[in-house]
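After this come two complexes, each holding chain A, first together with chain B and then together with chain C.
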Partner chain A sequence: MLVTENLRKTYGNLVAVDGINLKLHPGDIFGFIGPNGAGKTSTIKMLATLITPTSGRATIDGIDVVKHPREVRPLIGYMPDAFGVYDDIKVWEYLDFFCAAYDPPRESRGEIIDRVLALTDLTEKRDAYVQTLSRGMQQRLCLAKCLVHDPKVLLLDEPASGLDPRARIDIKRLIARLGALGKTIIVSSHILPELADFCNKIGIMERGHLLVSGDVGTIVRQVQPTRQLIVSTEEDGDVLERLLHDLQERPMVEKVEYDPDADRTVCVAFKGSLADQAELLRDLIAAGHRICSFAESAVDLEDVFLRVTTGKVQ
Partner chain B sequence: MKESLRNLFIENPMQIETVRALRRFTVAGGSATVPRHMSRIFFGLVSGLYLWLLFAILAYREDTSLGILWFEFVMLTLLVPGSLYASISGERERLTWDSLILTRLSPAKILVGKICWRLGMALCFQLLCAAPLVLTHAATKFQTQYTWDMLLRVQFALTAWAVFLATFTLWVSASTRRSAISLSIVTTCLFGFLILMPFLLAVFSINVELDYYGPTVIEWLGSFVWHLHPVSLMHGLTSEGQPPTDRWRDLFVPLSIDRVTGKYTPAVGIYDLVPWIYLTLAGLCIVATLKNLTRLGMPNGKER
Partner chain C sequence: MTRNPLAQPWRRISNLARFVANPVVVRDLRSHLRSPRSFWLIGGYLLLLGFLAVAGYAQSTGQTWYRTDLTSANPVDVIGAQANLEGFYNFIFGTLAGMILLVAPALTAHSIVGERQRQSFDLLVTTPLTAGQILIGKLISSIAFMGLLLILSLPATALCLLLGGANVADVLRIYFVLAVDAVVLSAIGLYFSCAVRVPLLATVWTYISVLGFTFLTFVLGMSMDGSLSPLPGALLWLSPLGAISPVSGNHDGLYHTTRLLAFAAFAVVLVRQLIAAGTYRLGRFGTESAVFLRKQALLIAGVMTLVVTTGISSEEWIVNRLTLFLFLTIAPFLPGLFVPATGEALPPPVGNGTTDAEDREEDRTPFRFRNLFRPVHSGAFPWYLALVGVVFAGWIVGTIGYERVRLPMLAVGTAFCGYLLGMGTLAWGLSRLAGTLVSDLSSARATAFGLLVAVCGLPVLLLTFASSDWTANPLAPLWLLSPWLRNSHYGHAEGLIRSGIIAAAVGWVVFGIDLALSRRASDRTTGIRPTTEPQTAR
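And then the complex of A and B:
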């Protein structure tokens, strides 16, 4: 669906994007992570046919974005990081304007607008003036505008920036819903937890370079080869000591950390497979340990990001 | 052809601009909108002045046609560029331009959408000015400075002037990134043409009427440019216009005399050409604007 080959963009001596290679399929939600100035927006703008790459190639649905920008544009929905809306028109008129601008049959426009409003939870605001909407709602309206022509690819540049936590959660849910509809989505952010929940692929960028990219799990494994298991128990004193000892004796366990302040919770660095993990749990219970919970800690993109990047800016 | 025109003017989504413009002065609310009480005061004042003008014409029965034409000219010169200078550069400032060019809207549709309601407004204003003009003719029993024929010519020339101003301003707006810059360019050009140019002609004592033989190129050019001035046209097309000659420089003579009857009759002079010159320049501005819009719609259009 979306392929880039050595995509590069320079502004004078500044290399904003340096040879990016991506391959995304329908339904992929690709999280573009990187500090400000990493080259995320330049990459997205090149894919949105707004700027031309200095070299390299990008295709969307097999169409070259540089050679055929007008053919590519109906396939994409682009939401810029900083966007404006027209004032003095109502929400439905705003969407109708963009819908009409993509030239669908006139009779289907009403239906499209209703569908998009429902998808973005803006149905109640249908007759409100655009300028009276809150920032979060305007953000959703901008996303709704990107959907009126049913694009195959969505390019969302910092879609949740400047939003309060609830609005941020709403946008995240919405993006996850769009991914489930089979759209290929590129979403950029410099806020890591924002992307961890709903992206199945991520790419970490710094100073124009795509340092790592791929499935979230694979990247985490690359950067952090051990699983973090959180084991909580009812035991204390000698019995707890015995649990720690038993854990340390296991061949797949790399490190055991116990924090006395953490209410009888043990953190285990485990390098085995999921089967090994199941076996460990079974053995602990068989050994008579009273285990309350046994779970792998959530993927920590923050750790991955910190290990991969150097913190330098261009 | 009919379908293309329908698409361009009727089915054009950019006509939403008209709705926005009307709402800005009437019902909508918001920071960018004229406050409702302000728009009521504005419309109240304008309506009051208008009614007072009609009443005064009837009461005093004096020829006010030149004054009305002056008012019409000044208002068109202010209103048309004032409503258009930010039409494209403003989109870029408000960060709505990217969304616009990613749609299937053609540059022609954008241009028509941007210019249509502004010219519509100018035409409405001209129609409003037509009523007192007719009234002043009727009230003075047609003893005015303008014959009907001349009046129609001036009106046509003012319409052409408004069209030229609109297209020129749109071109400037499409060529600049900031509304303030486009406003200053348009203002400077208007100031140069409408005020500075006549002033310089006067300073260098260039006789704009060429009432002697053998003018130099500079004098001829000076005279030509002066005759392009809308004020020159408004004053030149009165019944006290230039005396006629049958020489080559008749081009600059708005009236000719019937040698038998001794009456002034309209001639194909410079003033008949002026509106067409305005419209030709407007055509050139439209072509240049379309080129600019096409360039702005391409990748890197904003960078170049």
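And then the complex of A and C:
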């Protein structure tokens, strides 16, 4: 659906984007993470046909964005990080303007506007003036304007920036819903937790380089070769000491951490496969340890992010 | 899909319909009249116009403003009023023309630069609307507003009809011409709103250009009005000040019809050219507009030469004004021609920053014929040669009418083309130098233009100090904008050729300096030219 090959953009000596390769499929929600000035906006603007790449190519639905920008534009919905709204115009008129720009049959426009308003929960604001909307609502309106032509690809540059927590959650839910509708979505942010829970792919960018990209799971495995198992037990004292000792003896266990304050929980850095993990549990129980829970801890993307980015800078 | 040749006109008509039912127009009109600003603007405008009309009427009919003595009669001096009718007519239409001069450019000068400032321009660009549709939409919505103002002025101008100062045909003609002028002036504002990135500067440039345009068309039109050709008269009408001048009576109907048609044609070509130039400056829509622009510029140069040559009365030579006018109209475009760019907004702002620079085009391809019309360096100089060729052809065609003085006219025409070549070489050399000295594109163009003006104009300052009689001064030939020195036909040709040669020589000297500078710069940077180094024209 969306493919880039060595996409590169330079401004004089400044390399804004340095050879980006991406491949996204319908339904993918790609989280684009990186500090300000990392090249996220340049990449998105290249895909949105707003600036031309210095070299490399990008296609959307098989159409080259540089050679055929006019064919690409109906396929994409672009939401810039900062955008302005026109004064003295009503919400439905604003949407009607963008809808008309795509030239659908005149009579279907009202229906389209009602549909996108319902999708973005703005139905009751239909006749309000655009400048009276709150920041979060304007953000949703901009997203609504991206949807009037039912694009296959959504390019959202910092959609949640400057929003209060409530509005942030609203827009996150909305994006997740759109991903479920089968759209390919690129969302950029400089704040990681914003993206972690609804993206199925992420890319971390710094100084024009895409440091890592791919499935969330794959990246975590790349960056963290060991998995973290949380084992909690009923035991204490000597029995606990014995459990720690047994764990340390296992070949696949790299490190065992026990925090006395954390209610009888042991953190195990484990590098084996899932089968090894099952075997470990079986052996522990066979050895008579009383295990309450035994699970892999949730992926800590923030940790991944820190490892990847600092490693590159130094 | 099979290509049906008959489908072409239909597609054109449906395209036209698409332009008229333009979403930009609908959106702009919805918001224009809704704001309280429009209410105050229209209210103030009506009040002012009403006041001026009443004051002018009172003045012309010799009535006092107020009556201190309500009991005595204050009879209107009808005979005296009749004698002052022309004054009232000039006054009221002069006011209208001045209003158009002020309001029409202001309506569009902010349109695109305002969208940029509001950060809504990118939203507009990512829709399938073409740049042409966006610009025409902006133009139509501002014309609609201008039309409203013109219609609202009808009661005031109707006083002219009431008094008998003008007939209905006159008033209709003036309204038509003023309306078309308003479109042209709006298009000038629209161009600068595309080309300039700072709203205030866009307004300043718009007004400077509008005043220059009005003045030049007025002076040139007036100086040639009264000749047999209707074309200079059509040129005169392009200036709102010229639009109100009464039509002189010693012409037949064919003259008037041709004049009106030529005027409309000039306006259409000019507006199209300005829109194409604006589209090109927006930069994100490909190079089609540049190709169109260069082709149209050739056409305009040819037509302008024709207008001017047919407008010259054989008794009075106005080569002086002519050279100045033609060169001044071309000069601002020369730096743009010789320091071209792709015209892209870069790099994107980080946070709230508004860094906006333009990308310098990297083009080192050898000349190919198809490059003639594309905005690349290798096409710029051949294109300029083509322009001079077209001017020459226009001159030859224009002189056909002059039986008695054809030979001297041809001599002057040839010399004039030589002069253009010399000045072109000068502009080219200075553009190269500016491109080497300044890396940012807009600044490079501005520097090139400034250098050109300085080199052409500086000797004037020297001359002013040296002596009051310029022609006797040995420095006089150095003033490149005034190449006429002797009062005979061949003397003009001689002066033109001499100025052309001087200009070309200066151009080559500047080129030499540029070459030395850029070589030293490249020596300093390990022999390899970095990408940031300015690209120079060839």
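Just so we're on the same page, the second predicted complex is superposed on the first by the 292 of 314 C-alpha atoms of A that agree within 3 Å, B and C clash if a C-alpha of one lies under 4 Å from a C-alpha of the other, contacts with A are read in each partner's own complex, and residues count from 1 in each chain.
We take it that a contact is a pair of C-beta atoms (placed from the backbone, for glycine too) under 8 Å apart; a residue touches a chain by one contact, two chains touch by 3 or more.
As the structure is a computational prediction, the values presented were derived from the model and not from experiment.
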{"item": "Room on chain A for both chain B and chain C (clash or fit)", "value": "clash"}
{"item": "Partner chain in contact with A:66 - chain B first, chain C second, else both or neither", "value": "first"}
{"item": "Contacts of A:131 with chain B and chain C, given as first, second, both or neither", "value": "first"}
{"item": "First (chain B), second (chain C), both or neither touched by A:37", "value": "second"}
{"item": "Partner chain(s) touched by A:13 [first = chain B, second = chain C, both, neither]", "value": "second"}
{"item": "Partner chain(s) touched by A:291 [first = chain B, second = chain C, both, neither]", "value": "neither"}
{"item": "Touching partner for A:230 - first (chain B), second (chain C), both, neither", "value": "neither"}
{"item": "First, second, both or neither for A:176, with chain B first and chain C second", "value": "neither"}
{"item": "Intersection of the chain A residues that touch chain B with those that touch chain C", "value": "48-52, 69, 73-74, 76, 78, 80, 82-89, 93, 96-98, 100-103, 145"}
{"item": "For the chain A and chain C complex, residues of the former touching the latter", "value": "10-14, 16, 36-37, 41-42, 45, 48-52, 69-70, 73-74, 76, 78, 80, 82-89, 93, 96-98, 100-103, 142, 145"}
{"item": "Residue ranges of chain B touching chain A (in the complex, touch as defined)", "value": "11, 13, 16, 19-20, 23-24, 28-33, 94-96, 98-105, 298-300, 302-303"}
{"item": "Chain C residues within the chain A interface of the complex", "value": "18, 23-24, 26-27, 30-31, 34-35, 117-120, 122-123, 125-130, 284, 286, 342, 344-352, 357, 359, 439, 530-532"}
{"item": "Footprint of chain B on chain A - complex, ascending", "value": "46, 48-52, 65-66, 69, 73-74, 76, 78, 80, 82-89, 93, 96-98, 100-103, 129, 131-132, 145"}
